[in-house]
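In this document, chain identifiers A, B, C, D and E correspond to the written order of the chains, with residue numbering beginning at 1 in each.
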Amino acid sequence: LISSGTSISQLMDQDKWERHRMVDRFIVEFLTIPQSTVFSRLLKPCTALAAYTACIVALPTVVALAAAKMQIALPFPAFSMAQLVLPASAHSLLGTLCGLVLVFRTNSSYARFVEGRTAWGALIRHCRDVARLSMYIPDKRLRRRLLELVTAYAYVLKARLRSGRTRSDPTDPTAFKDIPDEAVRRCITEPALAEKVLESVSTGNRCLYTLLLISKTLKASLAKGLPSDIHWNIEESVSNIGLSGGICERIIATPIPLSFTRHTARSLVIWLLTLPFVIVPTMGWMSVPCIFTLAYLILGIDEIGIQIEEPFATLPLTPLCAVIERDLGIAIADMETNEDAHAFADANAERVPDVVAR
Amino acid sequence: LISSGTSISQLMDQDKWERHRMVDRFIVEFLTIPQSTVFSRLLKPCTALAAYTACIVALPTVVALAAAKMQIALPFPAFSMAQLVLPASAHSLLGTLCGLVLVFRTNSSYARFVEGRTAWGALIRHCRDVARLSMYIPDKRLRRRLLELVTAYAYVLKARLRSGRTRSDPTDPTAFKDIPDEAVRRCITEPALAEKVLESVSTGNRCLYTLLLISKTLKASLAKGLPSDIHWNIEESVSNIGLSGGICERIIATPIPLSFTRHTARSLVIWLLTLPFVIVPTMGWMSVPCIFTLAYLILGIDEIGIQIEEPFATLPLTPLCAVIERDLGIAIADMETNEDAHAFADANAERVPDVVAR
Amino acid sequence: LISSGTSISQLMDQDKWERHRMVDRFIVEFLTIPQSTVFSRLLKPCTALAAYTACIVALPTVVALAAAKMQIALPFPAFSMAQLVLPASAHSLLGTLCGLVLVFRTNSSYARFVEGRTAWGALIRHCRDVARLSMYIPDKRLRRRLLELVTAYAYVLKARLRSGRTRSDPTDPTAFKDIPDEAVRRCITEPALAEKVLESVSTGNRCLYTLLLISKTLKASLAKGLPSDIHWNIEESVSNIGLSGGICERIIATPIPLSFTRHTARSLVIWLLTLPFVIVPTMGWMSVPCIFTLAYLILGIDEIGIQIEEPFATLPLTPLCAVIERDLGIAIADMETNEDAHAFADANAERVPDVVAR
Amino acid sequence: LISSGTSISQLMDQDKWERHRMVDRFIVEFLTIPQSTVFSRLLKPCTALAAYTACIVALPTVVALAAAKMQIALPFPAFSMAQLVLPASAHSLLGTLCGLVLVFRTNSSYARFVEGRTAWGALIRHCRDVARLSMYIPDKRLRRRLLELVTAYAYVLKARLRSGRTRSDPTDPTAFKDIPDEAVRRCITEPALAEKVLESVSTGNRCLYTLLLISKTLKASLAKGLPSDIHWNIEESVSNIGLSGGICERIIATPIPLSFTRHTARSLVIWLLTLPFVIVPTMGWMSVPCIFTLAYLILGIDEIGIQIEEPFATLPLTPLCAVIERDLGIAIADMETNEDAHAFADANAERVPDVVAR
Amino acid sequence: LISSGTSISQLMDQDKWERHRMVDRFIVEFLTIPQSTVFSRLLKPCTALAAYTACIVALPTVVALAAAKMQIALPFPAFSMAQLVLPASAHSLLGTLCGLVLVFRTNSSYARFVEGRTAWGALIRHCRDVARLSMYIPDKRLRRRLLELVTAYAYVLKARLRSGRTRSDPTDPTAFKDIPDEAVRRCITEPALAEKVLESVSTGNRCLYTLLLISKTLKASLAKGLPSDIHWNIEESVSNIGLSGGICERIIATPIPLSFTRHTARSLVIWLLTLPFVIVPTMGWMSVPCIFTLAYLILGIDEIGIQIEEPFATLPLTPLCAVIERDLGIAIADMETNEDAHAFADANAERVPDVVAR
């Protein structure tokens, strides 16, 4: 959504940072305004405002012409725009206030965006910790099950966060129903377990159910000889995985107070609707493009703020899930080539026998 | 309160986010101003200010007419508004300051709102942790009691945070006495225990007493064979549940320094009361709607700030409690169908007998 | 201090929030300006500034009259205020800067206020944790001593934070020497121990000494059979109690850099002293109330900022200590009626004998 | 990049702080503008804007001359700049908004910079903790291997964060491919292990693989007699080392929402492109240097913001890695001279035999 | 430095807060401007700016006089300042931007100041924790050595943070080489150990070496019977002590991005250098004091920001170290009078023999 389909589904790398940083960006960004998603979304309200301004500019002339044509004496003959003019100073006070409120709103939206991204960063971190610590699970089967369930959790969480469906605009790339079935079946090699995870949607909280399954696997591992303190370390990582999910849910469930968002939109609309009365007298027909540009720039900030307020439509969740799948895959592959690990231990044993013997 | 009865008692979902994000919001919000709660609450002061402005506009004419009628020579014949005019520059300085202070206040209120919501998010998380870890409690009865007490804690905390009663405005949806009796009796299946929780209100801190009961249940579980380290992990979650309650209490008990709130209100009122002297000379009767609109937009920010300063009237606490009840219900249901868990363990045992045997 | 003696010594409850939120606050606050503490404290500097402005307004007339009376030709006959006038634009730049600096300062002061309050919130929380966990201490006497010492710690800390004495203004309610002797003797039922706590003021850090006594009690409890992991959990809570005290001490010991506070005060004074040269030429005698009002509103923000910079004079420490005493009292009372706890355990034992037997 | 090649690769010390603080900096910085990297990068867009302004200034004269020469009557004879003039007030509103947005953006970039630096600070801290705690590993060989792998991790992480390659500008000091091979081979004295670390780049996550090797070393140490609780303390430090890496990856992978960056650049360009219509009428040819300076100062803030948005090109990662290598080298050296430590223990044993004997 | 030699080396107490808060501060601070350090440091650049302004004011007259005297016709006879005048609006835009940037910079500097102070607060807290927990070390000698090494660490860290030397200004109280030798020798009663700490400066990281010595002491204590879990609690406190040191080092090593600081200084200088062209036409000779005052107020904020950017020159490190020495001294004294502790335990034993016997 944020500007083209591609930026949603990608993580930045050094090449993209370089393009991002190049000094030609000022010209490039200026020329690509017509392709920007924000611009296309705002085209309708901005055009409406421009048309409204044009009406206000034309009104006195039209009224005079009409009166002349119909030979009606206007009730207020000396009527002119000048009597409707607002003083710029009173209006600019409102403008400053709108600006401060807008920046505050953008700030709060951005904080939610960062919090959402950080929660996914923490999710990746704790998944990696589980991957690393799982090497102490003596039972290979349980270890694999644990890693698979953790991978599945990421996909299940993603599906929960993107449960929407577009009604009004089927081409909107941010709104689609995310179905985790394929991914869960790919990650979990035991079909019965995969079905159990998928069916648990009926209990109302598939994420929690997946975590319960993970804890059951850990309980079984404990019974199979996983050292007790390592067991609890993994449980703590699992608890933190649940925390990341909880943060995401909180962000989805609670927006910035709605009355605040509404008040901001209302202030902006009132400000823009009264602006022509300030600038038409001095600028005439030039007001029309001027208002269009101002409306684009100001409503654009509100639009971006509202897009990142719910960050999971914008964040590259699919690549992040792929990172988790890859990293847990490294741990599974490492487990499979456990011969190598044995060799590692053996090489070590050979080199330091005297220390051990001591 | 925040804008209609419904938004208080609901969590956002993807459908609502879509409505929230649609670009028509600018028009919709503008047209629904008359239905907004903030508008209806501010109608009185805004109308008063408009009337006050009308008086100022009318005064010179009225005085002149009265003098003419009563044929009294005015002591200051050349009297006109122009002599009372404030220069816009001095006034706009005060306006900038008011704007900054207002934004600071809103910011601080919003931080309290976020902190309150985060505390409830943490409460949910730790309740889920208790639910997950309770599977290690060997005694089913104690496990059920623990989960029920934790569910009850959420309702008891909610009741504590919404203990108010409306005296002046019985229709105000944010102010009502929350009685947890029904919910506590529903959650706790042992009637004696439920009564004990409910009666403890006389000690002065029902929340703390509920936590003491939880700890006693844990102590009994420890005696019944709950592994010692798991016991402490649950105790830590319980301690964090208490922390969430403590944060909520702190938010309720300590507002933004009252002198600050008062100074802001005073600055705004003084600013609005002197504004007519700035704009009446140039705008005449147009000042009346102008002041009304400005007062609505500016006092509206203060009003929203003061509403979210005490966030528990605005936050959807009832649905959040329902989430806790549902999630702990999943754990209880899972416990009841423990046969399934046994099957899980058994299936596992069947599949990996050789590993165990090794 | 912040606005009347009462608001210092009270915690907010739902009733007060309702009054706080009512929409009449704009009128009420405006009418109560003369009773506000901030106003009464600032009366002196504001009046001085108003007098100074009056002199500037009167000066040209006085000089002209005096010259006429004494028939002295003025060296600069065409002298008028106009030549001393500052352009509003240059001055308003300084005004914007002052505004930003003032808001920054208020923000930092408020952050200190919140930090101080949060530290006391954490103190309450950890005291409750100690209360809850102390149920594992088998020796009733040591348990009671522990809870009493923790209660005493709160009073000792309060005394440390409010060690001031008013020299210049004996009626100032925020400045008084807090003597903890009465409270400590009430909380600690062993007189020898209470004396020991009180005498330790001579070592230079009574708080640390109280914590050492708590740790000694815990060491003795450990020797009497307190399980080792629970012992350490309590030790951690005690460490966190010490942390809360440390945060408070840090806030007391280190203000916002003094040079910053001074620079802000200097900027404000210079801005206000030069303001008459900007507005007197256009406003004449109206400048006097105008400057008085502006000075009150602007210096008021600085005054509030400086009051909450050291938050322990403003925060309701006495009620917070009372909360701790009440909550630890609940735990002590619960211990005394341990029969009840035995009954609880017994009831449990009776109900689930078969499970235990299994 | 930030201003010269040297400031990238250095840590500040007291001497540099003194130069940084000296009051002559105002003059020095002003005179060194032409050498600043920001200035040289912005020279192109600023010159373009100045040329554009010159065209606007010259246009009416040129058109008039051309018309006179070619003896063509202009279609709009009374044409003058005055008709294209924008009112300063409308434009300055946009300017305030741009300023707020710019400051918000810089703030967010700076927060990312601080977060990146703090992550490296935490990395250093946890490496030091591993160094300190490794003294409990009884096997010297494993201890050395652990410390070497941790040192290598820092270099591997650095290589991951600086994986870019400059395509457009080969002289740009911030963009180069960082090859860790030499450093890894220097740090790890077992060549087979070093190769294993280097080859693991093929798995897609060399950092994770290095952490897996560290955990394997710890598992082997556990088997060789490292006490279990110390083992877990080190594991936790290793987990935190992974966390630091994860934070850095997150910063690299997710920029400030691109639509926001683009909107800011577009606003600035539109503001600067319309500025000549505001100032040319009053300033004439003086507008050209004026616009050049304004563009440099305003675009400079955006440029700096975008440079520190990806902080790993700017932060002195090489010296920070050297600090880790030095500090872990101290621990290794201390281990080698373990005789000294034995002496330390012996001296102690000699001095306090009676206490021990008691 | 921040305002006089005394405020560097002192902690605030209630008396100083009272002076800080008194309402006369506005007058006092205004009158003490000439004694302020910031003023004396800025005297040079402010005077230079005032002289520059005076030149601009005098220039037209001087040129005219010179031309008249030398009877040269000026090439541009109608030359006057008016043609060089900048419009106030364009300039004030730059002023707003400078203001925002300046406030952002001050904010960031202040955040560093608070972080540095908080790190020292945490250091004190963890030292106190070590003091409290050390009572579980059975060997008195090792306990004393531990406490002494921790005290020495504070002095060693202070010496590291204040390693500068003044080259340009020998009277500057903030810049001096801090030699910890005397303090370390006073704190550590075993001369050999003190020498070892002092000599370790050659390894490049004396702080880390001191921590290694502390860990060795703990290892020896573990061997002498310190319970294992208490041992690890102390190790964690030691790790946190190291963390505090690491935060301080990070603050020293990494300033706010230099390009940002430079850009701010450049913007301010350009703004002040062009200001005369805005105000000289209307204000004439009054511009000179006006520019001097503005320069003092604006550059003063930058100056304060740059002073607190490196907070360890400003923070009262010496009194903070003294606090640590005092608090650890209380623990040592308490250890020496262990008879008292025995009595404490005995009294307890006497009072509750029946409970023990049970």
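Criterion: a residue touches a chain if its C-beta (ideal position, glycine included) is under 8 Å from a C-beta of that chain, and two chains touch if they have at least 3 such contacts.
On a predicted model such as this, the values are computed, not experimentally measured, just so you know.
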* Structure fact -> Contacting subunit D as well as subunit E are chains none
* Starting from the mean Cα coordinates of subunit A and subunit C, work out the distance between those two points in Å. => 39
* Asked: Which whole number of Å gives the spacing of the CA centres of subunit A and subunit B?
  -> 24
* To do: Return the residues of subunit C touching two or more other chains; collapse runs of consecutive numbers into ranges.
  => 92, 96, 100, 229, 307
* Name the ring's chains in order, please, starting from subunit C and stepping to subunit E first. => C, E, D, A, B
* **In the complex with subunit B, residue positions of subunit C that touch it** => 2-3, 7, 11-15, 17-18, 20-23, 25-27, 29-30, 32-33, 36-38, 88, 92, 95-96, 99-100, 102-103, 106-107, 110, 113, 117-118, 121-122, 124-125, 128-129, 131-133, 135-136, 227, 229-230, 233, 275, 278-279, 282-283, 286, 290, 293-294, 297-298, 300-301, 304, 307-308, 314-316, 326-327, 330-331, 333-334, 341, 344-345, 347-348, 351-352, 355-356
* Asked: Hey, which residues of subunit A end up touching subunit B in the complex?
  -> 41-42, 44-45, 84, 86-87, 89-90, 92-94, 96-97, 100-101, 104, 108, 138-142, 162-168, 175, 192, 203-205, 208-209, 211-212, 215-216, 219-220, 224, 228-229, 232, 235-236, 238-239, 242-243, 246-247, 249-250, 252-263, 265-270, 299, 303, 306-307, 309-310, 313
